[in-house]
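Below: one structure, written as structure tokens.
Chain IDs A, B, C and D follow the sequence of writing; residue 1 opens each chain.
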Amino acid sequence: MSILIDDKTRVIVQGITGKIGSTQTRWMLKYGTTVVGGVTPGKGGNTVEDLPVFDSVEEAVQETGANASVFFVPAPFVLDAFYETADAGIKLIVVVPEHIPVHDVIKMRAYALEKEVLALGPTTPGILVPGKGKMGIMPGSLFSPGRVGIISRSGTLSYEFAGILSEKDIGQSAVVGMGADSVILTNLPDILKLFEADDETDAVIIVGEVGGMQEEKAAEFIANGMTKPVASYIAGRFSPEGKCMGHAGAIVRGSAGTVESKCEALKASGAEILKSPIEVIDWTIKNDIH
Amino acid sequence: MSILIDDKTRVIVQGITGKIGSTQTRWMLKYGTTVVGGVTPGKGGNTVEDLPVFDSVEEAVQETGANASVFFVPAPFVLDAFYETADAGIKLIVVVPEHIPVHDVIKMRAYALEKEVLALGPTTPGILVPGKGKMGIMPGSLFSPGRVGIISRSGTLSYEFAGILSEKDIGQSAVVGMGADSVILTNLPDILKLFEADDETDAVIIVGEVGGMQEEKAAEFIANGMTKPVASYIAGRFSPEGKCMGHAGAIVRGSAGTVESKCEALKASGAEILKSPIEVIDWTIKNDIH
Amino acid sequence: MRLYEYEGIDIFESVGIPVPRRGVAETTEDALIIAGEIGYPVVLKAQVLVGGRGLAGGVKTATTPEELEEISGTLFNFEIKGLPVRKLMVCEKADILRELYMGITVDGFSGKPVVVVSTEGGAHIEETARTSPDKIASFYCDPTFGFYPFQARMLLRRLGLSERLLTFCADVLVRLYRVFSQFDALIAEINPMVILKTGYQGGLLAVDSVIEIDNSALSRIQYPLPQMTERIENPLERKGREIGVTYVDLGGDIGIIASGAGLGMATMDIIGQRLRPANFLETGGGITEELLYKCMELVIMKVNLRAIFINIYGGINPIHEGARGVVRYIRDHNVTLPIVAKALGNHQEETWEIFRSGGVHVVTEAPTEIAVDRLFELVGKK
Amino acid sequence: MRLYEYEGIDIFESVGIPVPRRGVAETTEDALIIAGEIGYPVVLKAQVLVGGRGLAGGVKTATTPEELEEISGTLFNFEIKGLPVRKLMVCEKADILRELYMGITVDGFSGKPVVVVSTEGGAHIEETARTSPDKIASFYCDPTFGFYPFQARMLLRRLGLSERLLTFCADVLVRLYRVFSQFDALIAEINPMVILKTGYQGGLLAVDSVIEIDNSALSRIQYPLPQMTERIENPLERKGREIGVTYVDLGGDIGIIASGAGLGMATMDIIGQRLRPANFLETGGGITEELLYKCMELVIMKVNLRAIFINIYGGINPIHEGARGVVRYIRDHNVTLPIVAKALGNHQEETWEIFRSGGVHVVTEAPTEIAVDRLFELVGKK
């Protein structure tokens, strides 16, 4: 059983009638994903890629038995769509759009926890399970089936790692984009937990970046009993420092957030630190991952 | 066991340092109520009527073991105080103040339901259990111990009924002021339920008034299995009609809200309708209540 | 506090609800100028704080300046349910395809905001609610969560709305909820919400407004509102508001002062069986010597008064202090009218003594009926 | 978007937080007039969008007009961390008894607003957090519920505040939360919150402000805000903002265009080991032919550029369209700089073909390191 997407996953696309929504629906279908319909308020009754479009998620769920949703909804309407989707009983939501106000994200996050929804994003490329399906925008051609899990805060950097591995015939069990925003709907350790429990995953790559505390918290999880090998690359070593002014963030975070603090924490937890993405190849050889 | 107030009730007074708060605390103590302290933010460390004053409800609960609270808090601060009190674990709250915005009341009501708090008011005279204690402003001299329960939407009208009964040596098991506002924190049927279950109450008087649906809903409860005799007086027969403009209320309420609709519903449920308060004496004689 | 239609329309506009071009006229000259700017035909709407205006003839269309002058002249000399017409709203005439109803109020029993919509807007909406409940849909909100567009769309779909109309109406409904919430409204209503024949303004136009603001919340509303007292037509009722009591002017000749609305209504019910109340003054919980002095002053302003009946309880109120105010007024103004007072509760003995010192007839028994018997003895039949 | 101190103080004032009398001066003459109205001594504060201003000498007290003239002249010719001083805030000098710290931010990991307070306000607050954590207290809010005075009081009591100071500071903190919430702030901070020796303004004064607004929320804020682009000092970064991309100006000579911030940072990390990036342009998910044309234009504006490195993926982005824009720019402007492009994903073959037609060196393998090797071959060492 793969994580997040399996044979029972029935996906609806919210914002399916938009340019990106319809294009990505075509790519998802082409990749073999079970997309069963779409939602755009006011466009109910139309079809996109031969799929029915509904006015509401409630109706889409009733008519199609959908249990997962991927969002291509304009940023100002995402909070509303998220509430609607959670209320309609959907338990997996992938929020692709970027530029969603943080104050909306924290409300969505609280709602997801309350309604027991697993949500990824915002600003996520989504989830891809090679050979099974994908929810989001990952370009299918770069991925191949296998037993390495990838969790990434960055969209394109996750493609880079999958691409490097696939060229060396090392396939992936699942690739999960957590979302690149400062607040995300599901934290890194919670995804790590899914891979640790997944019998189709042998090892996990964490692709992180400077800022926030996700990687430090992941290191805590690894130290507290992750059994599978973990490698991690943290981008942003040469990034210029932001002109930070407020103290509140620094007080809350302490020293966390730098590339150094993340690498140190992960190294101490037993994870392998990759200084450059290409080093992932040596790591797979050393750990006999294939 | 009396309803709402018994030997285990330990009351704090919120807004105890105000003029009304301190005066009413004296009256409550004089009536034999177990008042254990008070709360006024910023006045912690003082005493009123030899009772300790605290800055927060949390502290008051910790220090005094309080489990009930009566509010003499200025209207603009009531919502905040209510949240604080419910969060501190208090399960009985009497909100005496009037002029609290309805939009605050509906939030308090939702919070009370969520936190399983029994709250009365706003604009309530409170609760009085003759011989045991009182929370609120009811003048003790008019009440006497006995076996008739009174529920009233109006403060002074509840005194009137208790006074009429007491003069005829018919005592009360408890007198509960629901609150005179259009939205109240606990509805009439829920109080009626307490009296129905109370082995110290033989009969109940409902003192209602024109407007709202409380009496109609109480009639439903009575019809659905109230076993004790109920008498009801509805004030407002000669009141001039309001210059109602909006339709929304009328659509939601239907025909409910007039003195006639209330009397009809209650009569149909088996309750006795009192056309004038003094008729309550005949009702007690007829039903052998004493 | 009820707002005039034009005030509500301004508020609707401030939150982005589409509203007609319009102006407010206090004279026929004003109305002509406004109509000239908008272009004929225009609709003239009498501004009064009472419902049923349309059916009473307070809304008229003018197609020419001449017609406008005639209509305006009539309306300014008009009274609707006893209220004078001081202002007209002059607005563009909407090209009506259909009329919807949208309203939000607080449901007293559930304690929740309830959003009501109907495909049959207009003056007969309450009748529609009774006869065709399927044309009405309502939604009870969680007051903490608020009201979101997806909920508005679910509600409106129950009426069969679809396509652009669905999302546009949902948008308006959410903005109406914002008004309801930000203005601490008891009622926020658009009736009718017009669907236009053209696509102008997104095809929707809120051509009427009903907003009633919770008086208890007036001080916290972040919007310039008129003074509450300004819009009370009856001068005695206005004075009541000013001194902080509830005063209702009635047609009879017995003045009533009571503490508590319920007791006050019961008192009126009892008196009303044999005599005619002149007014009804409810003190609330803030009795002081000064307040009751002013209450006496206000109640006595009513002409042809035959007696005053006082019914008060000492719970939260220091009735002995109130009694002092009554007696001081009697002395200052040599009041000779018969006054009956029933006063019980805390400080009752002291209160009786004070009342008696001013010549007030004190009743010490609990039933108000007995005190009214006493009043009846003093003044006889009507 | 970061706000200037004086803009934040205005916002604080609008929600009822006590703030000093003040004015904003763009010249020494202005400053003299304002100081004259306020009365000496006054504090002159350089307005720059960077922290550590006080320690860098950007805040001075003037006790006489002569002293003011001297200080003002110096400050207007001052740079703080490379930023010019264009405005001074002139404000009354507070009679300081103690300084508190109050700040609200979003905690990324818990996803909750966190309110932080300390009895040790001032420039060294972060050090206090490390060395004396007992002098700091924080509270994580439920974003749906909000932040209420009772929670503020519980928090402030942990610092030992009591009496009037407790309720007044709680009131300010709740108003600060209102700013945080209504302005979609990432940071809302008062440091220091001054406790005055006198009872003036309730004894409290917010003498500094830090507000950073979420750029994604700028369009929905109901308050007149300056244009985001106005406050970007670097003209190239400002142009980046205008065309809708993230552009960071750096000191080197290799231009970088990448899709996705993570990939962009990794690209810089890899290039930075052997060469020096001139800039970093991140396209986001909105690539079109036009956008990449403009990106080329922007990147090439940088003087002394030796090469351009393009690293893009076709996921959400139509990279073949982007490639067309790059090639069109090359042709329109006869670009002869070496350009290396790695482009993978949807439409990759088409993209390669287009790039090659414009003379771009295309790398088709996944590791960016291999493409950077190619770049290194073309340009040699730094």
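Quick note on the criterion: a residue touches a chain if its C-beta (ideal position, glycine included) is under 8 Å from a C-beta of that chain, and two chains touch if they have at least 3 such contacts.
Remember, it's a predicted structure, so these values are computed and weren't measured experimentally.
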{"item": "A-C against A-D, pair bridged by the larger set of C-beta contacts", "value": "A-D"}
{"item": "Chain B and chain D, separation of their C-alpha mean positions in angstrom", "value": "55"}
{"item": "Separation of mean Cα positions, chain B and chain A [Å, integer]", "value": "53"}
{"item": "Separation of chain A from chain D, taking each centre as the mean of its C-alpha atoms, in whole Å", "value": "27"}
{"item": "Touching two or more other chains - residue numbers and ranges from chain C", "value": "144"}
{"item": "Sites on chain B at which at least two other chains make contact", "value": "none"}
{"item": "Chain-level touch network, classified as line, ring, star, complete or other", "value": "other"}
{"item": "Chains touching one another, given as label pairs in label order", "value": "A-C, A-D, B-C, B-D, C-D"}
{"item": "Contact footprint of chain D on chain C as seen in their complex", "value": "144-145"}
{"item": "Chain B-facing residues of chain C, complex", "value": "2, 49-51, 81, 101, 103-109, 111-114, 116, 125-126, 129-130, 136, 138, 142-144, 181, 184, 186-187, 189, 191, 210, 212, 214-217, 219-220, 248, 250, 258-263, 265-266, 268-270, 272-273, 277, 280, 284-285, 312-316, 344-346, 348, 365-370"}
{"item": "Chain A - residues contacting chain D, complex", "value": "20, 24, 27, 75-76, 96, 98-103, 105-107, 109-111, 125, 137-139, 141-142, 152-160, 163-164, 166-167, 180, 182-184, 187, 207, 209-210, 212-214, 217, 233, 235-240, 243-252, 254, 276-278"}
{"item": "Complex contacts: residues of chain B adjacent to chain D", "value": "41-45, 55-58, 77, 79-81, 83-84, 87"}
{"item": "Touching residues (chain side chain C, partner chain A) in the complex", "value": "148-150, 153-154, 157, 162-164, 166-167, 170"}
